[in-house]
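Structure below; questions to follow.
Per-chain residue numbering starts at 1, and chain names A, B, C and D are given in the order in which the chains are listed.
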Amino acid sequence: MAHIVGAVTTSHVPAIGKAIAKGLQSEPYWKPFFDGFINVREWLKDARPDVVVVLYNDHGLNFFLDKMPTFAVGAAPTYTNADEGWGIPTIPAFSGEQALSWHLIEHLVEQEFDLTTCQEMLVDHAFTLPMALLWPEQNWPVKVVPVCINTVQFPLPSAKRCWKLGEQIGQAVRAWDSDARVMFLGTGGLSHQLEGERAGFINKDFDLAFMDSLTTNPQWATQWNSAELVEKAGTQGIELLMWLATRAALGDGAREVHRNYHIPISNTASGVMVMEPAA
Amino acid sequence: MAHIVGAVTTSHVPAIGKAIAKGLQSEPYWKPFFDGFINVREWLKDARPDVVVVLYNDHGLNFFLDKMPTFAVGAAPTYTNADEGWGIPTIPAFSGEQALSWHLIEHLVEQEFDLTTCQEMLVDHAFTLPMALLWPEQNWPVKVVPVCINTVQFPLPSAKRCWKLGEQIGQAVRAWDSDARVMFLGTGGLSHQLEGERAGFINKDFDLAFMDSLTTNPQWATQWNSAELVEKAGTQGIELLMWLATRAALGDGAREVHRNYHIPISNTASGVMVMEPAA
Amino acid sequence: MCGINIPGTQLFDKTMAVKGYALNKMCFSFNEAANRQAFLADEEGYMRRYGLNEQQAAAIRAKNVLQLLEAGGNAYYLAKFAGIFGLDMQDIGAQQTGLTKAEFQAKLNAYAAE
Amino acid sequence: MCGINIPGTQLFDKTMAVKGYALNKMCFSFNEAANRQAFLADEEGYMRRYGLNEQQAAAIRAKNVLQLLEAGGNAYYLAKFAGIFGLDMQDIGAQQTGLTKAEFQAKLNAYAAE
């Protein structure tokens, strides 16, 4: 059976891509953010994942409102990045772990998740930049399975539903007949809001409480509906749904191995955490 | 609150479109099939629906394997038919009932159905031909909401899951704040198989038992998984999932108003039923 | 996938979905008349553009439905390929079962009497 | 939809999704460089091609984010429109809040100290 090595959760704003492209990692503005990944990469050396299941939200690259899935799972041999409209450099393609993709799809549909399955899929900055933060050389030592959650158009799946999705992803991976080492990567948040008169909203107290909750009381955030979560975390802070589903995939207990929290990058409170399943 | 007038379930093979286009309704081959709709149209005169929720399966017109949803709900202002590759004449466009589309979407996502929402959607023969059988003049006196269920690529949603989908569609319609008269139309089946050495397979006993079950023991077919249903009804006979979801939408009890069953049209055992909710 | 073996039947499951992707994508393109024309004008070039493998290309050349299925074709998309040549579902059924069309039709009719 | 009113915030719900469809579809097209060029070469023609209404077209001409949101624009797609003019998220934040970019940045930084 496959072995779950742990999970990384991180923010993912486009500005990170510009900073990487321009080599600004050591500039005073960016250093507190990028330095948060040094320990993550140290951890990765021991964790040695073979496969990464990436839980992220598409920002209008692969999906439009003509066909907007609640949950989409990739089952492609390769995933390429593409121009998202700002002309930032694209990131090298990723190899898909198709066997795990289809194992997940069969398990999740059996468990009454109404997936959209994608045998072709472009992956946007929410997928590529966290991967580039973990493996800056960008020649990926892992295969991937993308899982995409709708945060573009209401109604969004509830935090409760995302928790259940994550739980079942974890169960499926644990039941996967493979000796692969599997990592989860959840990307999005933390608190931020891009649009409206409330643009620039950040909620540090909530973010810190949310990060704490992932190990102490992991279903804490499921008490709120999507609108309530937007009130607390901002319109894009709702991307914490990916953190929640990722945490759920780890199983009942989890311990925190590393975290960093920094305000701001671009308009966003940025966070990164490494968690391992409780022994 | 909206009023549910009843449900029609019917087969939908492309050959019906050719027969309509050529005016073959009274030919000996086609008459036993088309005559089955005379009583349906009589019933419609009394039922007077304003809105039809159409449960059908796409045959590779609107969806491909790059993005294959398990359940898709249309939310477009209009739905057009298009060339499916055989050059049969297309059918006039349909007006969407967007208010009900979004009411359904909000209700179903709240109830943990992971929909794909479609603000643009081409509808294929599985949608258009049943409509043309009900309203042969093809100037539609109703607005529509399409609900599409994957029968193209395994894993399919189970019969149990389709039943639950139908149940919640029914609940949402009953809770819809509107004085509209709503009908359900489920299209597909009955037993047939297009591919493989088993092509031409039909199972009359099973079809008749299935039609009976819809009023006497409506969850009867949910005892089988998708492969078992294919064994009983053929690879395309699995389209009976639409009949099942449609029946579920009617609520706890239903009575049969009309049925016709005829073998064969094209490679298919054809059936049509009209049901009303138990008073 | 569900521990059932149905004679003469291959479910379009993950194995077939992966195997047949290029073939099915080409057949999906036949929804558009211009693509059907382009295929007829240059079958080999069209197949290359969609990346068909040799098994798939041979099955297309042979217009052999059982071979197309074996190569990962899905019945819903293959129907669009058949449509190019004016084949209906009974032609296809006859071809797959090794019957004449009349024999295949008689087989269907026989179910009515059961 | 959930009985919550969040000041300065409009959720992109069914009402906005319907209202903004044409505008968002145009912005989605800006993923491709050729479409961005085509827009810049003929803004009015491009907007007509996507069927924008007058409110949407006026908001695009004004490059006014609050007006674009009011007209049904979705933040994720509008970002692609903003990208055409090299505006980053802080430019957009400043415009929407009536601050200079420096003031908007100071507001963000202030959260760190809380």
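One rule holds for everything that comes next: a residue touches a chain if its C-beta (ideal position, glycine included) is under 8 Å from a C-beta of that chain, and two chains touch if they have at least 3 such contacts.
In UniProt terms, the chains line up like this: A, B = Protocatechuate 3,4-dioxygenase; C, D = Protocatechuate 4,5-dioxygenase subunit alpha.
Here the structure is a predicted model, which is why all the values come from computation and not from measurement.
J.: Walk from chain C over to chain D along touching chains and report the minimum step count.
T.: Counted as steps through touching chains, the separation is 2.
J.: Which pair, A-D or B-D, has more C-beta contacts?
T.: Looking at A-D and B-D side by side, A-D shows more C-beta contacts.
J.: Centroid of chain B to centroid of chain C, CA atoms only: how many Å?
T.: 25
J.: Chain B to chain D: how many Å between their CA centres?
T.: About 40 Å, centre to centre.
J.: If you average the CA atoms of chain A and of chain B, how far apart do the two points sit, in angstrom?
T.: Distance between chain centres, rounded to whole Å: 38 Å.
J.: Specify, in ascending order, the residues of chain B that touch 2 or more different other chains.
T.: 65-66, 105-106, 119, 153, 155
J.: Residues of chain D touching 2+ other chains?
T.: 1, 14, 17, 21
J.: Using the touch definition up top, name the residues of chain B that touch chain A in the complex.
T.: 63, 65-72, 105-106, 109-110, 112-121, 153, 155-158, 160-161, 164
J.: Mind listing the chain B positions that touch chain D in their complex?
T.: Contact set of chain B toward chain D: 75, 98, 102, 105-106, 119.
J.: For the complex, which residues does chain D have touching chain B?
T.: Of all residues in chain D, those touching chain B are 1, 14, 17-18, 21.
J.: Quick check on the complex: what are the chain B residues that touch chain C?
T.: Where chain B meets chain C, its residues are 13-15, 59-61, 64-66, 82-87, 152-155, 193-200, 202, 204-205, 225-228, 230-231, 235-236, 262-264, 266-267, 269.
J.: Residue numbers of chain C touching chain B in their complex, please.
T.: These residues of chain C touch chain B: 1-4, 6-14, 17, 21, 24-25, 27-28, 30-33, 36, 65-66, 69, 74-81, 83-84, 88-90, 92-93, 96-97, 104, 107-109, 111-112, 114.
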